[in-house]
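Scrolling down, you'll hit the structures one after another.
There are two complexes below, and they share chain A, which is joined by chain B in the first and by chain C in the second.
Here is the complex of A and B:
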């Protein structure tokens, strides 16, 4: 029996081999010799491009096209990096830190300049220091993109400014008691200070720096302002949002003005939120919880139910606010949004990072607690797509 | 930093990490010695009694004294980051091959059984990439935590200043003595 089976198998395999050898090779079956290449990114960028950074310890920026959901490329970065895009989208800038032997050896702080089409490194600009703080406003560009600003902490507070036309470090500005960078046109930048004031640092064409401070307009002891507040550099506007949900609109200029704050909760018909540790109400929270659509004047805020001191908590809704009328436009509930992945099936999913695109038909990019991205219609709140990716730290869009 | 300096001299030369583990801001201020760029703001002794009699925070209500690999271990009332006790070290021991930051921050934690406050010194262990421990070993206090314009209260800052490498690995908390 065994000999018969073997004979049949040999016969069958011989027949198959003969058949295969006899089959004609057709050029349209994709067997022609191939050329090898390296992809490039589209320029100008697609309108719904977003760039994500993973959580603590991650060192990769990932570039996505929100319309297709496809990953376009990656940028390797150093320790606790920050990202910026030039206004015309032709260059990417990464502020980053390295040690020569990985986790040891001499420290090197640099701003790396990338060609945004090829992702080739064009230049490494040495800088004297930078802050190792997991926040977004450590790095910013001026309106024209001719200057860059790097927040530094040694642990004394300062800002390193860059001349991006010559791609060199211009100087260091001491900023005692203040931190972060909110660019003001091409003239300089504003910073928030621990005494509740706003510092304005202006840099002349000759590199001379003058720093002034406003009178305190918020009380950091009672109701601090989020570091991830938002600005519209072209319009010279900033929206500073406090832990309780007060919105301070500021005109950033050589002499800044700050409007009387209005309450997110009151805009939604609720009582103004207080600072009680047992005062359960809707509150802003997350890591990057506020974003602004410049053309429409809409503010998008991730909100959660919680007591005071839950400012890091991820949210379950997005509130859309009219910054001109100080009113609520809509609420986008997120609890019912299904997310893939085994963990998300059994646990609530929270959202900590949000950005909105700046085009006529804007979309929202959301990062959740499970490391997944979602793209939503910014007008209806409808989920357009989910993108599973290891990115829970930060999200960037062009034009902010 | 001179070795002749006392512990409190040393701790007064650091900034406090804003890690306030689940307590109100008022009691947070009572828990910490705060130092900014060499100028000491010794909040600890002043408000200590008040902290001891204040209503229990969420952290204090649920803290325990038996397992130092959990975020609710009582000495971690002001801790944030990855627990070194999950990473080959202990609550008062850096893991092998790491470097204890010369800068520490201090807090006052209430023992869950005796209800008495004790001073805890916290140090980051530095020089290795972040410890890949279980997610339950990552503790994130929010009470009293502030943005970097109040750096002494900012728990997003890497507090490895003064170490040969500022790469963060994990955090410890060691008992110094009674707060009274």
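Here is the complex of A and C:
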């Protein structure tokens, strides 16, 4: 009977399908079956979360949990983006640029607001301009997170400020000769200027802006300050580090004060480093070479052996400094870290980006020249884990 | 006295050494002045090696930068701009570079009989940089006067005309 044959055929094909479908499970007995779904990120954020940006040209922010080493999420962004997290960790902000036809067409600059649990886009805030650099202090939030600041260079050196309560652009502040954003509480921000001064821009509740300048405290042509210098916004403090390794502690306020500098090298028992192009000594260098642990007052600096004007070179050691006593606490030599891949053992690995978590048991996040992320114990310098081929452009932590 | 003549090999070595020493003077022979090479090194990255960049993002200097010399404030403005004032060039080098920019790249836009910048003048102007000044508004009022009162080119308004970020 036809009906019987159909039934048999159906039975046979059903058996075959069942076998096929069951095969992957049978083949990999003991492994965890993968399931899909929409994950959410934990809030509050885990204390050792860090966010990296892909190498130059790759516009992705990747969120990692440093404790598990697991990638928690990805944010795809526009051209040379900047990242910020709200103080309570509930929102992520990405300052980014697009051209409507990819590499051409009308340009659009926006700050995109993400829900930090679902990574859903909540809002796109159009802004008039932004500078296309991935420096940390190109984009920042005020202490409470109610304001945002975007450094711009078009048509001239300026800062676009945002009201993040209404999620709108507030206005543009001209800053000829000055750049970068170091937030001062909720009142405004400080910037470094080409004549060696610090500019302070305060924005009133009504949006009125006043900018004042200190007397020059450094020489931008002889011993410039790293734009990746660090701040503690809640304490109103900044540590400006110069190319030679001088640390200027500053109080950021309506009337800022800047202390006499101390030398990183002198803190380590070495002579103060000079500006000699043949003066080989330990020097700070890299891309994001300085990070600060607020509660302990420790400064972590990536150091390398080099002559003057080698400030972009990556480092082989992390120096831990006591900012109160102006003394060296420890040096973490990292040459011993094993390398992987074809370059192993033949090519030295160096480090250009460092950030420290802000919790009680802090860890250091380090990006190395192989594009790997490393997690270190910030007290002992011991390598806790290495995450291969993850990133290269920049690293961020919550709470900075 | 053939024994005292240099061997061909030694002659070629000597020629190579002579060429190496001769190299630093070549740019001058090629017609590039120190002022022009300073412009290329210190300004050309954004303004373009011939003074023409993306005019809406960076002012086009060709045939129009000299207009600023119609006004004393305009003449001062060029040396007081922070990127000019904070240059690593010394006063004389900066004066020479400004003169190259105004009279060569500016190509006829400066008023007839305009005096070249002098080192002492540049020293005084650069010490009063426009740092902290609302620069766009300051430039706008300067070029309004230059266009209305001195017939300066309308193209001075190209700089900053479009708001890039909003895609207009």
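Keep in mind that, in the parts below, the second predicted complex is superposed on the first by the 359 of 400 C-alpha atoms of A that agree within 3 Å, B and C clash if a C-alpha of one lies under 4 Å from a C-alpha of the other, contacts with A are read in each partner's own complex, and residues count from 1 in each chain.
We take it that a contact is a pair of C-beta atoms (placed from the backbone, for glycine too) under 8 Å apart; a residue touches a chain by one contact, two chains touch by 3 or more.
Keep in mind that what you see is a predicted model, and the values were worked out from it rather than measured.
Asker: Could you look at A:146 and tell me whether it touches chain B, chain C, both or neither (first, second, both, neither)?
Answerer: Touch status of A:146: no partner.
Asker: Please indicate which partner A:123 is in contact with in the superposed arrangement: first for chain B, second for chain C, both, or neither.
Answerer: neither
Asker: I'd like to know which partner A:311 touches here: chain B for first, chain C for second, both or neither.
Answerer: first
Asker: Answer with first, second, both or neither: which of chain B and chain C does A:156 touch in the superposed model?
Answerer: It touches chain B and chain C both.
Asker: Compare chain B and chain C by how many residues of chain A each one touches, and report the one with more.
Answerer: Between chain B and chain C, B touches the greater number of residues in chain A.
Asker: Let me test your reading of the model: by the given contact rule, A:80 touches which partner, first (chain B), second (chain C), both or neither?
Answerer: Only chain B; A:80 stays clear of chain C.
Asker: For A:226, using the defined touch cut-off, is the partner it touches chain B, chain C, both, or neither? Pick first, second, both or neither.
Answerer: first
Asker: Figure out whether A:135 sits in contact with chain B (first) or chain C (second), or with both, or with neither.
Answerer: In the superposition, A:135 touches chain B alone.
Asker: Quick one: classify A:108 as touching chain B (first), chain C (second), both or neither.
Answerer: The answer is second: A:108 touches chain C but not chain B.
Asker: Is A:251 touching anything from chain B or chain C once the two structures are fitted on A? First, second, both or neither.
Answerer: neither
Asker: Across the two complexes, what residues of chain A are contacted by chain B and by chain C?
Answerer: Looking at chain A, the two contact sets intersect at 97, 107, 154-157, 176-178, 193-194, 220-221.
Asker: Show me the residue ranges of chain B that touch chain A in the complex, using the header's touch definition.
Answerer: For chain B paired with chain A, touching residues are 15, 24-25, 37, 57, 127-130, 140, 142-151, 154, 156-158, 160-161, 164-167.
Asker: Which residues, counting only chain A, touch chain C once they are in their complex?
Answerer: 97, 100, 106-110, 126-130, 152, 154-157, 174, 176-178, 193-195, 197, 199, 211-213, 220-221
Asker: Where on chain C does chain A make contact in their complex?
Answerer: Touch residues, chain C against chain A: 56-57, 81-83, 85-86, 88, 129-137, 159-160, 163-168.
Asker: Given the complex with chain B, which residues does chain A contribute to the contact?
Answerer: 56-57, 79-80, 97, 99, 102-105, 107, 131-135, 151, 153-157, 176-180, 191-194, 220-221, 224-227, 277, 309-313
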